[in-house]
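After this come two complexes, each holding chain A, first together with chain B and then together with chain C.
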Partner chain A sequence: MSGRHWIDPGELDELARIDSPVHRLDPRAKILVTALYILVVMSVSPDRIAALMPFVLFPSLGFGIAGIPVTPIVRRLAIALPFAAMIGALNLVVDREIVLSVCGIGLTGGVISFASILIRAVLTVSAALLLVSVTGTHRIGAGLAVMGVPGIFVTQVLFLVRYLFVISDEAVSMRRAVDLRSAGYHPGRSRGLPLRLFGSLMGSLLVRSLDRAVRVHRAMRARGFTGDVRYAGILRFRSMDWVFLGSCAAVLIALRWADPTQWLGGVIAGVR
Partner chain B sequence: MHMADALISPVVGGTMWLVSGSLLAHSARSLRRDTRDDLTPLMGVLGAFVFAAQMINFTIPGTGSSGHIGGGSLLSILLGPHAAFLTIASVLTVQALFFADGGLLALGCNIFNLGFFPAFLAYPFVYRKITGSGASPRARILGASVIAASTGLVPGAAAVVLQTSFSGISELPVPTFLALMLPIHLAIGIIEGLATAAVVLFVSAARPDMVPSHAASCRAGIHPLTLGLLAGALVLGGIGSWFASAHPDGLEWAIERVAGQLGGSRSGWHAGLSEIQETTAVMPDYGFRPGGTAAVEGDAGEPKWPAVDAGTSAAGVIGGALVLLVAVLAGFASRFGSARNTA
Partner chain C sequence: MSHHLVEMRDVWFVYPDGTEALRGVSFRITHGESVALVGGNGAGKSTLLLHLIGILRPVRGEVRVGDVPVVDATLSQVRRAVGYVFQDPDDQLFMPTVREDVAFGPVNMGVPSEDVERRVRDALEEVRIGHLADRPPYRLSAGEKRAAAIATVLSMTPDVLVMDEPSANLDPRARRRLIGLLRGFRHTKILATHDLELVRAACERVIVLDRGGILADGVTSAVFADGAVREALGIDG
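== the complex of A and B ==
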């Protein structure tokens, strides 16, 4: 398959069908906590790497209690990191002042900010992956719609996820057909198609997709669709959700201001 | 050029969330007025199409390498600005949630950078102006696509630079960063335009009814009030993030100020310590020497990094490693406690 970044998005939705205490929480509580978590992590000043460590607990416990397997998450993390790593690597070059030395190895400001960017990328990306894999698209959509996100946008996201497989499968089989007939392009020389061939291939896919949209629309009209998806009966904000929301918010805010790492390290190392 | 969460500060991210959120609300409102109920499946399927199109690479003319389209310009041409903006935003949301491509905090930035410029700037003011209403000759569609795709991409690349710099995370000076990003994205824009034109030309030849060539669907307008709000939000965010990045932690900065005033002899203390630092930086176990310092610029200017006390650093390293270990172990331990029954 040609697209390197291609990962089956349905995998996360499958994981969302597991039954666990984390899965059972109301999507609104999970959305709010995830947002707060990302804000708090990103507001820790870039040079305080150690202070970021307690925040590992949140995704670690989340994935753990929910029983989410590690492999699909790690695979997605590996794909997410290169861009952040690229920008962070520039800091290595720009900031070469030694700001800290550990056991005789001088660390430059660039090394520290590079590490800090990478760690925060891992933390925030895993928080987002955690949200999806313990909630699922449909319930996130329902939560967002109830929280005031425009209905047409929520519907659009749900539609997109639904048709992703259908249209991509079509694209893959068309691409395979081109490869088999080799239509004037020589595999081995380049991974891409000549532009003209690309145009007609994508054009055909587009025409098929648009035709499909017309058929989908007719089918939906026939079933009484008026432009709104209804989410009745999906959401129930129970006392457990209040407890989860309140305690997570309290812990996150406390970790932002107090620094248990520093204290713990101090106790162990006997310095300060 | 998806921004990642790790590259922006909460102030910049939050500001861009507000900006993109109001653009989304605006687009949703104007589509409501349209009352085209076939738009929902059309947008959904086209969003999925963009995903699929990104799986198929084409050869970049004149080079050996290959690339794939971004799809912003194509969506604008097929759907008009408002529906295109919503569709691009949905594609980016799904990428952030399912593919970890870009992040949730950065989502506002990404929607603005990759959606606003192609849909609300390049399409109405470049593409439509060149092609006009009615059927256009092929060469004109080609030219319009290339120019529109570049106008859609380059400001987005500039916005990436500004957002990262305002966040105070990249230490590259803005002009250097711009000089790195802009030429690349101009080239990418031209290629994107060529690929977009290839698709549009094919469809308008095969199924002319599918490419809207009338201006009716395109009330390009963003209300002046919306524009004013946008500008206001950007200015506020700019000021806020400048302040935030110069002083990453308001409280620490304030404390440092107060301490500086109380201490009085801070600059002498400072200079002395950096002298020691210069002579001892390569010595083993330096990090454990209590009261030593690492850091800092030799000049009398404000330190770029808050002075890192070596004792504090050692405690930080040890404590950090321990907490990390505990956090990861807790995750694995909790696995055993919880029942796993896949439905």
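== the complex of A and C ==
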């Protein structure tokens, strides 16, 4: 077995094996709440950063109650954020009108919408990571299938995950083989591969992954696989799941449209 | 009629690149036999085994399992009868837990869920890894993976067990355990292997493949005493 990597593709699924009240919820309830959360967060207007703040609660509570460690989540966030930053970066250039001044520093509309995009990326990606780490890809697949998502999509998702392992394992062992035989070969370039070598490595990674995929597929066909993953354990939607779904939906909708930050601000202003 | 019958009649197979992998292979394996398929690298062992579950089809000749020919119409029946343990357990184990992996076959066969649970339990007990049921397969040791891979086919209650290099990558203890397990199974067994010690311990009959054809077929001790076989297998150096 290979050692742990910086991003271990199995890590989230491993976390999904922890036992906690959040883990025990039916995957369908968690999928619906996560989807609603993402929709609500995305629907907040870009210029209202304060209105996003209450939404930090949802993932934090989730991670806290489920006992999910911070490090693996932060690592994955770090991978996702540059993409959000790239999307938001254009706003900085396009929208240069100063709309707010904090301590004498003028903030343009672009800066605010850039920050809003980053914050929303952190929130929504964490919510998705939370869903995977408290449910596991396989149970998410089962939930989606039972909810009526066409089998072909569910199978795609599950296989994407399965083959991620396959390819990352192949890549790690190839990288090791290169490292072991390239000592001193490229003086002053101990890290990073020359482009030519990188190209041929990628090519052979593709070929090896395809070979491996063929063997996995054979093994599946040998055990009667016909294209649909079926689920041995039948999911049960219990009263606890209804309570979770109902209360989360109510809180999310209230946070979106009642805007407690203004209300709280009003209360504090009133006290003064 | 016996489900445990495995037969090849003058089977020829050519890979798309033109390599003749099987050249007129014929044999008949009957109920409860334990047969080793030996031969050097590239002798055609894996190619032959893949014919038994219809993943490869002969260009000429016929493969029969349990009195039915291996053709499209009989594939599900054949795959139910033949439990195939692949060479690399990592290819065979693809579900998130051992339990789900062992359940995969029976679930695909449409076994009712309470029976699936019982079959999974029995299969894991049979290879003595009941305690690993909830572990993810990719975190197991090589010996444990091998046992789990065997359990994934035992749960389908096959009549015939086919194994490709079952003792590869096993340490001596895991290998001894495997031999013990194999001797315990009452299935018809076909093992492709380079491990001649395993053959002597677990198989009473040997088929020797050489360049796609059968060089020898007979009782293990007699076949291994044959000079041409020893030469082909590189025994005695």
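We adopt the following convention: the second predicted complex is superposed on the first by the 198 of 272 C-alpha atoms of A that agree within 3 Å, B and C clash if a C-alpha of one lies under 4 Å from a C-alpha of the other, contacts with A are read in each partner's own complex, and residues count from 1 in each chain.
Here, a residue touches a chain if its C-beta (ideal position, glycine included) is under 8 Å from a C-beta of that chain, and two chains touch if they have at least 3 such contacts.
Bear in mind that the values here come from a model prediction, so they are computed numbers and not experimental data.
By the touch criterion stated above, A:S209 is placed in contact with chain B alone, chain C being left untouched. In the overlay built on the shared chain, the residue A:D47 is in contact with chain B alone; chain C does not reach it. The larger set of touched chain A residues comes from B, when the choice is between chain B and chain C. After overlaying the two complexes on the shared chain, residue contacts for A:R17 are found with chain B and with chain C alike. Of the two partner chains placed around the shared chain by superposition, chain B is the only one that A:V94 touches, whereas chain C remains out of contact.
When the shared chain is aligned, chain B and chain C each come close enough to touch A:M220. In the superposition on chain A, A:R162 makes contact with both chain B and chain C. Legend: residue contacts after superposition of the two complexes on their common chain; A:G136 is shown touching chain C, with no touch to chain B. After overlaying the two complexes on the shared chain, residue contacts for A:T124 are found with chain B alone; chain C is out of touch. Contacts of chain A with chain B, set against its contacts with chain C after fitting on chain A, overlap at residues 1, 17, 137, 162, 212, 216, 220-221, 225-226. Residues of chain A that touch chain C in their complex: 1, 10, 13-14, 17, 136-138, 162, 165, 169, 212, 215-216, 218-226, 230-234.
On chain C, the positions that touch chain A within their shared complex are 50, 53, 55, 76, 79-80, 82, 84, 86, 88, 90-92, 94-96, 100, 103-109, 113, 116-117, 134, 136, 138-139, 141, 152-153, 156.
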